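Below are structures written as structure tokens.
Look at the two complexes coming up: chain A is in both, with chain B in one and chain C in the other.
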Partner chain A sequence: MASSTAPRRGSPTRWLLGRLAVGLLVLFLVSVLLFLVTQALPGDIARIILGKDATAAQVADLRGRLGLDRPLVAQYWHWLTGVLGGDLGTSLDNGRPVADILAPRVLNSFTLGLMSMALILPLSVLIGVFTAYQRDSLPDRAFVAVSSLFTALPAFVVGMLLIAFFATSVFRVLPGVSNIPPGDLPWWHPAELVLPVTTLTLMGVMYLGRLVRASFIDAMDSEYAQMAVLKGLSGRRVLFRHALPNAVAASLPAASLVAAVTITGVVVVEYVYSYPGLGTELVSAVNAHDLPVMQACVLVLATAYYVFNLLADVFTTLGRSR
Partner chain B sequence: MEVEVSGVTVRADATGHDIVRDIGFELARGSVLGVVGESGSGKSTLALALLGFARKGATITGGRVVVDDVDLLALPEKELRRARGSRVAYVPQDPATALNPSLSLATQLTEGLRLPRREALARVRSLLEAVGLPGDDAFLRRRPRQLSGGQQQRVAIAMAVAPGPRLIVLDEPTTGLDVSTQARVLEVVRELCRSRDLAAIYVSHDLAVVAEVADRVLVVYGGEVVEHGSLARAAHPYTRALLAAVPSSTHRHRLVPIPGRAPGIGADRSGCVFAPRCAHAAEECSSRPPLVEVPSGTLARCWRTAEVARSPRPAVVVDAAPPFSGDEILTVSGLNAGYGGRQTLFEVSFGLARGECLALVGESGSGKTTMSRCLVGLHEEQEGKIVFDGQVLAPRRDKDLRRELQYVFQNPYGSLSPQRTVESSLLVPLRHYFGLKGTEARRRAHEALDRVEIPTHLANRYPAELSGGQRQRVAIARALVCRPKLLICDEITSALDVSVQAAVVELLRSLLAEGLSMIFVTHDLAVVRSIADTVTVLNQGRVVEKGTADAVLSSPTHPYTRSLVAATLDVPDTFEHAG
Partner chain C sequence: MTRTHHRPGHLTRALTATALAATTLAGCSAPDRTTAAGSEDATLRIAAATDPGETLNPYASNQSPTQQLRSALLYEGLTRLDPTGKVEWALATEMTPNADLTRWTIKLRPDVKFTDGTAFTSADVVASVKYLRDPQHAAQGLAFIEKIDPNAVEAVDPLTVRIGLSAPFGPFKDIWANVLLPMTKAGTAPEKPVGTGPFAVKAFTPGRQSTVTRFDAYWGTRPMVGTVEITEFQNQQAQANALLSDQVDIASGANPTIARSLAGKDGIQLLDSKGDFTLRIGLNTDVAPFDDVRVRQALRLLVDRDQVVANAFGGYARVANDHEGGTPQCPAPGVPQRKQDIEQAKKLLAEAGQPNLSFAITTDGLLPGMRELAQVFAENAAKAGVKVEVNVVPVPELLSKWGKWPAFIDFNPIPYLPTVIGSMLPDRVGNATHWDNPEFVRLADELFLAPAAGQCSIMNRMHEIEYRDGATVVPAFVNVLMPYRSRVRGLVTDVNGRPLSFLSNVSVGS
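The block that comes next holds the complex of A and B.
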């Protein structure tokens, strides 16, 4: 989470460099952990991958290809230098370079995540401000109730409810399976994107909208807002010039965390809609024991998560130093 | 008359009780009316009501606020908004939270002026210079957090005056400022009222400040005006009791606390509101007295002003104790301390004789808090020598040393655990230091509560159920059960009302009389005069003057101490001598 130590001394650049260094360390640890739980598990990985029907020669061949006969550190070093050099290895499943497999998947997933974020941010502010302004009215109370419900529901339940409602039993207006053929860009298939994006947006708005609502209520109850009223300013100016910037600034760190959660949340949502992104690739790689693909997927997701977390830290610190 | 207020009543929606009731006064242009009251008296509610504003949960139910022949309370919402700022303006208590942290000073000062930006900026610049701040672009680009407290308050005053109001309402504008900063702000207020022919209402709990700045004073108690006139001619028993509770910086006198507790909202309002705490109360006080002119020349809401006037309370002047000749219980020599490499204390040395009270005096940033943290062992970054009762003190101490040196914090609202009853707060140190449990521990706890005059039936209450003064006395009792040799009191009366402060000061004085040694950290010279034997004045981390309280306060030698003494305000004491 956003553990931010404010820059007390030294320049902001130095603080940022420090944070980046810490981030690299975290990613390094992630890679060690990832390597340990995939490749270095006790037992014969090659045997597990190939199944018990494989011949001893096949197993020995795979062990050689995976480098399992070498010491652990050497295996890790080989893998890490490969990753840093841009070589993610080749898929055990079909022999294609991992980078080639992942590139379109990353594009699909990030399209999904970014489109959702592009909707989550303005909608959260709108809904948060509206409900806060109409505090204790019927729409406000309805939003608070519904958002607690959504926060309690896992993403796949929301996804399945949407499928049930819009793709199968009730309306049948949208495709319930978001299959994007290989080679196509995701935005060539807008109808396929609607339900996954809606799922992610709903989850994000229900959470972030409530935070915006809370910080907007704080801002409206603050002494500077009261002072603005006592200065004879119009209601609109008190709202938009005095309360809103402070409320949004207070919500920015949370927004970056929501972005991190959304980017990683695509794993579940993609699976529900069979959307060909990183998430589905990760799931099938796990099923196929395709170690290099698995490792690359997790590393990409971890990096994305880290970047948005860092953004949250930066916003928090900026907010404090202002 | 420029301002006419009558019958202003504000009601709490939840209970239907009046927070302030039937307030009325008149005010001429260029003059300042002080509104004085203790916490909970409704003075802030009144201040806001004068702008036609009530906080959430309260409603203005009646009255007139006429400024320049326009009744603000009768205006429709839109016109009332235009009247705010341009007819009547407001200066908040805490500009640190009342100025918007994310907007530049230029924006906040010019918005709502209904002038073209160039003219607005020109007016703001000249106003900033009038309140003693730079009016250049660099200053105008700043955010509120880049200013000191005194600068923020002067910006808030300039902001109030900018639209050209006829009346400004100042709600405790100098609370939380140092005396010298306070003196500058008061000077600005007076000067602006004079030069712009402004009427001002100055709300404060501080009688000395109000007496200094205001032409006439409105004393508010329990949401009602109990007296209106000059403090020096006070006739109402509440006003007189308040004045008797205020310490003076020029002479040491016995402080007389007001017994009982201020009425909350919803108290019985059929009779005189002050009667339950009044020494002069009689049968007739069960019906509500009118606000009438009394012989002393003020308007007072009291049936018995004649009797009150016949029983003057002469100020009991207490002689300062003879200089102590005993051994020193605490000697600080060459103490340097700092935070993260930045030095805040420089070569501080002083000594405290056994049974003596030493006042550590300084303004914010003087290093007095660091000093007391060093003494009590909460500060690591220090070098120098502190000798306590023959032992050299290091930041890490054994149990006995920690027990013998007790600390009472400034804010009784934060220093007591809200989860513990009064008694159980006292049992913790008894178990920790003496291993006492059960009946014996309870007996010791009750003994200490008795000593600080907390009635036994409060022992099982939680801090939230106690008043500020009661909490502070519990905090003192918690220190006393440890049987300390030295008590360090960090500004322990600054969060309390004067009538309650008087009780705490008198309590400390009686503890001193019993032989306890004490270090009293404060910025309030009047409190110093009433309690301290010797004074050490800190300025920017250095000791600039030390000596007996009488010598330092009556004939200060260092320029800093002199300016401090000059900036300290006192209530008029004419009535005490005139009777």
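The block that comes next holds the complex of A and C.
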């Protein structure tokens, strides 16, 4: 994906700055798009808040108080200048500052995502290297088969299967929902984190593990590894000094992409486990047409997604320039 | 997005606070929340549907079932409904009208305290009534008290209030039992409302969780649990999972399928409140062909009510007869049970010039059974060659065209009298069928003037008109289902479908 934007020799800083500028532009476009999409949604937030019993005059009055009767451009400009000034606005739905609503949820979501990534990376390398080394053995074939299955399954199906197996139907050893009470930090509730982290980790390892396996097989088959073997180096030395670094380097862009994909996975997994993070908040905000909350959730998620994508590009470029 | 800010705003503060909290508390462990089950300090944990827009204001418009569930623990009205639907005294002990029913004198219960320890007096009633009566506040209960003259609400002495009306009104005591009309301490609503209920707010996070604790100076029966914790979930399956893995004691929302799958599983029982909760198909009488009573009658004759009960509501319902319920104190109106009669329906449609009728029923599927009711109806209607399309729209869309849909699915959880006032008389926002029957309106006026003893016969005559001419297909009265763990004892079923309003005898065993 980075081929068209690869740095010209000697200007990596300029390339990076360019990428960052593009990133900001993308975020801006995302926010404009989201703003326009919410305008096209059927239904009026003032009517949603007041319900069917309110009169048209009461609805119009609330629209005025929420600033919804101003021109679209003015509404957007008000929001944008607020965000640039560090003020995400207040929720239309309940009047609380968006930052207060989001701060604990950002922490919850990032805890979930980071814990999963901390497991996905080493496990993928371990399993990838092991299965590649044992190519065509029973464990290798089993891994390839199982990972194909998982890649085909949506995250929420995996989540529901895990809930049924470990929480509600077969074994009753883990909580069936992962509610973190307001004001608590997520790691105070390790039992509640097990299933969501496991779901994300399984999805991540099944994908990244296969990529590592493939890269490792490539590395082992490469001329330099073959040459090393011919030169009489020990199998272990070839494995760890020559093949492994190259295989891992080749997998790094993929790892960044997995991190980006994990962010979207978090949204789905949170819903399945009722985990109070950005994903569940986004679903609520969309249902309630709560634009400021929606915008903030999407911007946080899009920024994180973009950063990991950028990392993938950087790693790819570094790998190529080597 | 945060890189570009120049001055500290909400976001910066919140993020700094988060980071600080995270670093300082990283080593700490969770606060101890274990409660002594079986003791009087036990916690009752309830799962409910999420409502991010909720507040503690009991006068807010468009309150969700979750907000009403919490309000019932915190606030009380002048009167209240018992679990059998009978109106009983709460904060008032007497209401006396003048001769022409245009002025009411209310005696208040002495020695009642607000949960902040202050005394409940007539000034608080005056303030609450005036707040509710002010159209600016868009209070949801306004329709029920529109006859009150806001300038004629006065405190006579600390325990007496006098209320003047713009028109005579007899069933005053009944109206005040509505959950939307509670009394709060003067000057506290809407921001920090204080009530007189058996519980007081300890913690509240909208859309997430609320914790209420027992108010020990409560005037009525002292609750047997010390704390009630209401945790909100985004779907009913999550409520069921939380119940199964013992994270909550009661799931307050369960559709028939979920309820059936849970009941009897490892000490889970089902609280099955049979009442007069109606899910109904509304037909807009402003729109052809539903302005023709023959068409409305034909559609009512198409429904297989037993099939609706069995398929749409999993058997947790009973057959209804195209009129509202909510009159448990009265004998059944003497109208024959309407049954499916395809031939008669076809005949009526032909007479009305609609032999090939085709229309859509719109529903937001908000409550379990709504979508299924429309589907069963569509299937039934096909037998007479009537084409019915089921149009499922998001809640906001249903609301945005409220009163304009030709055919739609609606629900009604409240007793008959407020139903008439709120959604059956012409020109009510709640009357989305725009049904206007002069005889019905005349009887309603008669009802508003009748002494208690005469009300049943009038209400039954009103039911007859609904049955004959009404604009809704009411095929079933639906049960309200709440699965719970059997260590919770003392729960009672409620004809009005709010069994969790009655927690005074509920205890949590070990």
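Everything below uses one rule, namely that the second predicted complex is superposed on the first by the 299 of 322 C-alpha atoms of A that agree within 3 Å, B and C clash if a C-alpha of one lies under 4 Å from a C-alpha of the other, contacts with A are read in each partner's own complex, and residues count from 1 in each chain.
Rule of thumb we're sticking to: a contact is a pair of C-beta atoms (placed from the backbone, for glycine too) under 8 Å apart; a residue touches a chain by one contact, two chains touch by 3 or more.
On a predicted model such as this, the values are computed, not experimentally measured, just so you know.
In the three-chain model built by superposing on chain A, chain B fits alongside chain C with no clash.
When the two complexes are overlaid on their common chain A, residue A:Lys231 makes contact with chain B while staying clear of chain C. When the two structures are aligned on the shared chain, A:Arg241 is found in touch with chain B, with no touch to chain C. Judged by the number of chain A residues each one touches, C leads among chain B and chain C.
Judged by the touch definition given at the top, the superposed model places A:Ala249 against chain B, while chain C stays out of reach.
Of the two partner chains, chain C is the only one that A:Pro175 touches; chain B does not reach it.
Shared-chain residue A:Pro71: touches no atom of chain B or chain C.
Legend: residue contacts after superposition of the two complexes on their common chain; A:Gln58 is shown touching chain C, with no touch to chain B. Of the two partner chains placed by the overlay, only chain B lies in contact with A:Glu223; chain C stays clear of it.
Closest C-alpha contact of chain B with chain C, superposed model: 35 Å. Note: no residue of chain A belongs to the chain B contact set and to the chain C contact set alike, using the contact criterion stated above. In the complex of the two chains, the chain A residues touching chain B come out as 8-9, 221-224, 226-234, 237, 241-242, 245-246, 249, 322.
Listing the residues of chain C that touch chain A in their complex gives 1-2, 4-15, 17-18, 21-22, 25-26, 28-31, 33, 50, 52-55, 61-62, 135-136, 138, 140, 142-143, 203, 205-209, 231, 233-235, 238, 240-242, 244-247, 393-397, 399-400, 402, 422, 429-430, 432.
Touching chain C in their complex are the following residues of chain A: 27, 41-45, 47-55, 58, 61-62, 83-88, 91, 93-94, 96-100, 102-104, 106-107, 163, 167-169, 172, 174-177, 179, 181-185, 187-189, 271, 273-274, 276, 280, 283-285, 287-290, 299-300, 303. The touching residues of chain B, when paired with chain A in their complex, are 48, 51, 53, 55-56, 81-86, 89-90, 92, 94, 97-103, 107, 111-112, 143, 145, 159, 163, 340.
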